[in-house]
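Dropping the structures in below, format is structure tokens.
Across the two complexes that follow, subunit A remains constant while its partner is subunit B and subsequently subunit C.
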Partner chain A sequence: MTTTVSTPPVQEGSEFLLDVQDLRAEFRAGGNRWVPVTHDVSLSVRRGEVLGVVGESGSGKSVSMASVLGLMPYQGGRVAQGRAIFDGRDLLTLKERELRQIRGSKIGVIFQDPMTSLNPVRSIQRQMVETLRAHTSLTSAEAKERALELLRLVRIPDAARRLRAYPHELSGGMRQRVMIAIALSCEPELIIADEPTTALDVTVQADVLALLRQRTRERGVSVVIISHDVGVIASLADRIAVMYAGRVVESGSARQVLGHPQHPYTLGLLESIPGVKGPRTERLPSIPGLPPRPGGDEMGCSFRDRCRFAVSRCATERPALAEVGGEPQHRAACHFAISDDGRVVPREGVVGDA
Partner chain B sequence: MPLMRFLGARLVSVIPVMLGVSMLTFGLLYLMPGDPVLLLVSGVEGDVASEQIQQIREEFGLDDPLPMQYVSFVGAALTGDLGRSIHQGHEVTGLILEALPNTLELTGMALLIAALVGISTGVIASLFHGRWPDRVSMFGSLLWLSMPEFWMAIVAIMVFASWLGWFPVFGAGGIEFLILPATILGLRSAAAIARLTRSSMLEVTHAQYIMTARARGIGEPKILWVHALRNAIIPIVTLLGLQLGYLLGSTVVVEVVFSRPGVGSLLIDAVLDKDVPVIRGTVLFLAVIYVLVNLIVDATYGLLDPRIREAA
Partner chain C sequence: MSASGERTLSEKSEIAAVASGDAVEPAVVARGARDRCRDAWRQVKHFFADPVAFIAGLVILLLVIAAVLGPWIAPYDPAATDAAASLQGPSGAHWLGTDQLGRDIFSRILSGARLTLFVSVGAVSLAVLVGCTVGLVAGFVRGWSDAVLMRLMDILLAFPGLILAIVMAALLGPGIATVIIAVGVSGTPTFARVTRAATMRAAVEEYVLAARAVGCSRARLLLRHITPNILGPVVVLATLYLAYAVLTAAALSFLGVGVKPPAAEWGAMVNEGRDLLAVGWWVSLFPGVAIVLFVLAVNILGDRLRDVLDVASGADEVQGAEK
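Right after this comes the complex of A and B.
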């Protein structure tokens, strides 16, 4: 690939395009009881940067993004606390009408399942034109022209015919390309991709990821990519946030987090990837146990029951997400530091915040 | 032209249905107890001589083997000849065509009311899912569905025609004659449609593409009326087709209670008079209409859902 990667000019104001702080999202558990599903989630994305959010299902990755987009009320949830500064404005305080102007326009969204993300009874063209016309002053004819360009941009062969097709007439990979085209259509500053390749065949996954990377890099679009698949995250992300049970347990540059994981959960995730090297007969390491249910006890570290390093202190004091010694921007929420040979040493200054 | 092929396939599938319907209506004469000839002439005053019976047998071709009789019945029906009433000797086709406008008017109006009231109630109920508008409308529709139609008709006549004097009590004519029977007929269908609309909308509004549409910044009214209802309407259209058949059948009750002339009254009078050719003709006619309506519904289904066009 010969595309020149240009760094977009850094604009005035905050260093971050999206800066989420102390986000706490809740779901209704019947009546007036609300159960928190994310706790003090802080995530930030610089302009032109790819943030990977990794964690198992139920860890609060998607909920955090739904909160940022103002989609929680539609899913029976709410945002109880936090800020989400996007382009200088707190998305969490905006009215629905204002949010709607940002969704699909300044922030493009790609969801997991391209089979169900497109309306089955409306043609690709109608859904693309509809998005364009909701956010731009293009005429219907101009919007059709633009939709065709976009399909070519995401490398859909025979684009003119595909434009008139219905979703069921396209393959999964094609549909996800259409979703990428729609996400890019109004020249967004940020794309949120929630498990964009999970529902696709492995061979198609790589194509779609490469396309997403290329089209966002050349436009300087920031990306938040959410996945449970460390491989997907590793192939795309500049920075990584690891989530567990509704909390960010580790964050840092991709090099830091993948190369020197400082949280036992991250370590477990990395170890459970089948390596190409090494003996095949060896049983693949896995993390024992299940994540705690939301709304459970609030004391201590939520990973302790599954952690090989857990000590009694882990049950009483929740480790705060604190900077790892000597590595700027690398944070982990553990009482211990993990050395490269897999041993742990107690860390200084990790104060419990529970 | 996938749509034409789809319609062609549907048209072919209608043939066995029509065959079955024609056999059943044909057999009606023989399923009724007693000699068909005596049934046919039972309205005639006085004793019937055996020569006369024999004459009638020959005239109606009743001595022919059954298959031949069936073929000539179907042959005649295909040319629009459904025989003659044994009472006034009128052509059955003529009687039906004469009664038809009143019945079509009633059924059409009832269907319109059913669709408008049913769909809007269902949509509102789904929007207020679990709150009082939802509960009230669902309880109301269940109550309405549980009440016998003739009783509702009698109560409506009593309240709106007798006491309040807003509408004429019976007969046919202008719109004022139509409103009460059409409402009684339509609201019952509306209750069924409302319940289906509600559940269909609830299902659709939880679909991923609705969330995606929101994430694309599409406004809520458009999401509701275009994205959600457009998908939710597909099963509702099927129900509308079935309801039209139900409404046609129910005109029998409503036309009698409101003393409206129509195909339903014609049928009831024929049954009371044991006028077999009229019964046979009317039932066949209603069945054909029902099948045709559902054919049209199937065609609409293909128009509404691009996935179905393919499958045919």
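Right after this comes the complex of A and C.
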């Protein structure tokens, strides 16, 4: 666990609801060897804001969130360093018992696969009532009433009957609504949605996203939405963090990141989205190669092998996540800046050898 | 995570519903408790539609009836000796004959049914209770408690079940409680192993993670979320072990370390007739037949139950589609 000594108490009404700093999660690689899978990840969410975390599989999105929730050891991982200040308290230093009071009540979680994230042998009602009774003083009857209310809130038709159903009797979209209902049930301040729509088909996906957006907006709930799908992120997020190989490579407002991507990886991601309008291109651009394996060399930029702009300097010097000139809060970890017409120029203040 | 290619039936129909512009409505609509009862009844009927399972079920039912009603339907007192009627063959008066002391064998078999059922169910309960507790703790907590508990189980497992039971019975002295403990303990490691494996598999399921994420305590995770999900294999194993328990209990009594005479234990009855085979074959044969019938019936039912409950065999459609 982290060795950070008593973090100074953050005053009430701090700018951020959740402020993750320098998070490093590790996985055991046999014996006593641990391999970092996230490096110095810093993410923050303001109250009422939606943060989208985007990146491909294995980029450390889910692991970061599992760490924050104290759900590590998750698949044998651990948190090696970092802080995660939620509402003035560092989640990473809390005891399991204290964390348990926060999880499900102040922070709601929605998992990727509604097929597997509901217990198959317990009815919807039991699973909803369980959460409610763990965190509120409701009686059993009141909790049932509230569960019914919540199912209606997530637009489940014939809610009374569905409440008594078992997960296998509901469809995927329906189950994910149940998950959203459970996440919302104790009026959380933050909802962490880990690939909430990935396992659903596209029409249901849009539905579920709209529901999530509506129900969180009207309550002023902050959301961290994790996805590999830029489209999902774009439709929901106020701010975006792009992760690659365990690092945040770019962060900023949705407008900044989507409109003026400053990291070649973000650029690649955006270019690989097929457009509906406009002329059809021969071949959809893609990013060549594969992400590096965790535990590889620590030198240089981890994206360099797949980067079309890479120069020799990228192999020796890792670019720091630094503010992009002229744009407040917009950061990117690249030696170069990308102009709007897709050309690269060395960042101000650094001398390129391109 | 499960590939999107493997969609469940309900999801497919959802896609179809969306495509046709209907409201999203799953094919399998949630049903009330009465529907669920009817479903269960249908499944039971389906289960016993197979003649072999039906006959096995019938045998067990008859034995249970015999065990419950034994004292009322038995034509004679199972312990009453009658020197005049010693070693009589099967006849109208004594359907299955009498033993050397003139006791009615049919009455003794009926009385033995109760004893056998009590001992075997008791032994299985003990094995399930201890074995599953050990397995759940070992599989969920892992670490050194896992190592210690499972090595203990391995030591028990290292002895052949019957030998272990004989040693335990010899140590504890004969009696009904002895048989239950001896047979129960010798079955414990098997239950511990199976439960531990099932627990480890269930513990990494996403619904357990999700339950943790809503603030469930570890005890709650184990008892309310994991335990119900591992009951299937335990039930199957318990049924199969029931047959083994009957056999072992009978063997212990046959060897003279089990239930004390004059209790009408089937194994002890077989033993009593052992020296009389030449003059009174019925003394050993009929208790032996009772043992065989019961063990066979329980085994067949356990086997069928496994086909229905075991996830690994893929017989269960719902769970099969998701794994």
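Annotations
Following the convention adopted for this analysis, the second predicted complex is superposed on the first by the 333 of 354 C-alpha atoms of A that agree within 3 Å, B and C clash if a C-alpha of one lies under 4 Å from a C-alpha of the other, contacts with A are read in each partner's own complex, and residues count from 1 in each chain.
We adopt the following convention: a residue touches a chain if its C-beta (ideal position, glycine included) is under 8 Å from a C-beta of that chain, and two chains touch if they have at least 3 such contacts.
Since this is a predicted model, take the numbers as computed values, not measurements.
Because the two structures share subunit A, they can be overlaid on it, and in that overlay subunit B clashes with subunit C. Shared-chain residue A:Asp238: touches no atom of subunit B or subunit C.
In the superposition on chain A, A:Ser171 makes contact with subunit C only, while subunit B stays out of contact range.
In the superposed pair of complexes, A:Thr203 makes contact with subunit C only, with no contact to subunit B.
When the two complexes are overlaid on their common chain A, residue A:Glu317 makes contact with neither subunit B nor subunit C. In the superposition on chain A, A:Ser117 makes contact with both subunit B and subunit C. Measured by the number of subunit A residues touched, the leading partner among subunit B and subunit C is C. In the superposed model, A:Asp305 lies in contact with neither subunit B nor subunit C. Of the two partner chains placed by superposition, subunit B and subunit C are both touched by A:Ala134.
Applying the stated contact rule after C-alpha superposition, one finds that A:Glu271 touches neither subunit B nor subunit C. 69, 71, 74-75, 100-105, 109, 111, 113, 116-122, 127, 130-131, 134-135, 168-169, 179, 182 are the residues of subunit A that lie in the contact sets of both subunit B and subunit C, per the superposition on chain A. For subunit B in complex with subunit A, the residues that touch the partner chain are 207-209, 211-220, 222, 226-227, 230-231, 234, 304-307, 310. Residues of subunit A that touch subunit C in their complex: 69, 71, 74-75, 100-105, 108-109, 111-113, 115-122, 127, 130-131, 134-135, 157-158, 161-165, 168-174, 179, 182, 198-199, 201, 203-204, 207. Across the complex, subunit A is touched by residues 1-2, 4, 7-8, 10-11, 13-15, 18, 23-33, 204-217, 220, 224-225, 228-229, 318-319, 322 of subunit C. If you check the complex, the residues on subunit A that touch subunit B are 69, 71, 74-75, 96, 100-105, 109, 111, 113, 116-123, 127, 130-131, 134-135, 166, 168-169, 179, 182.
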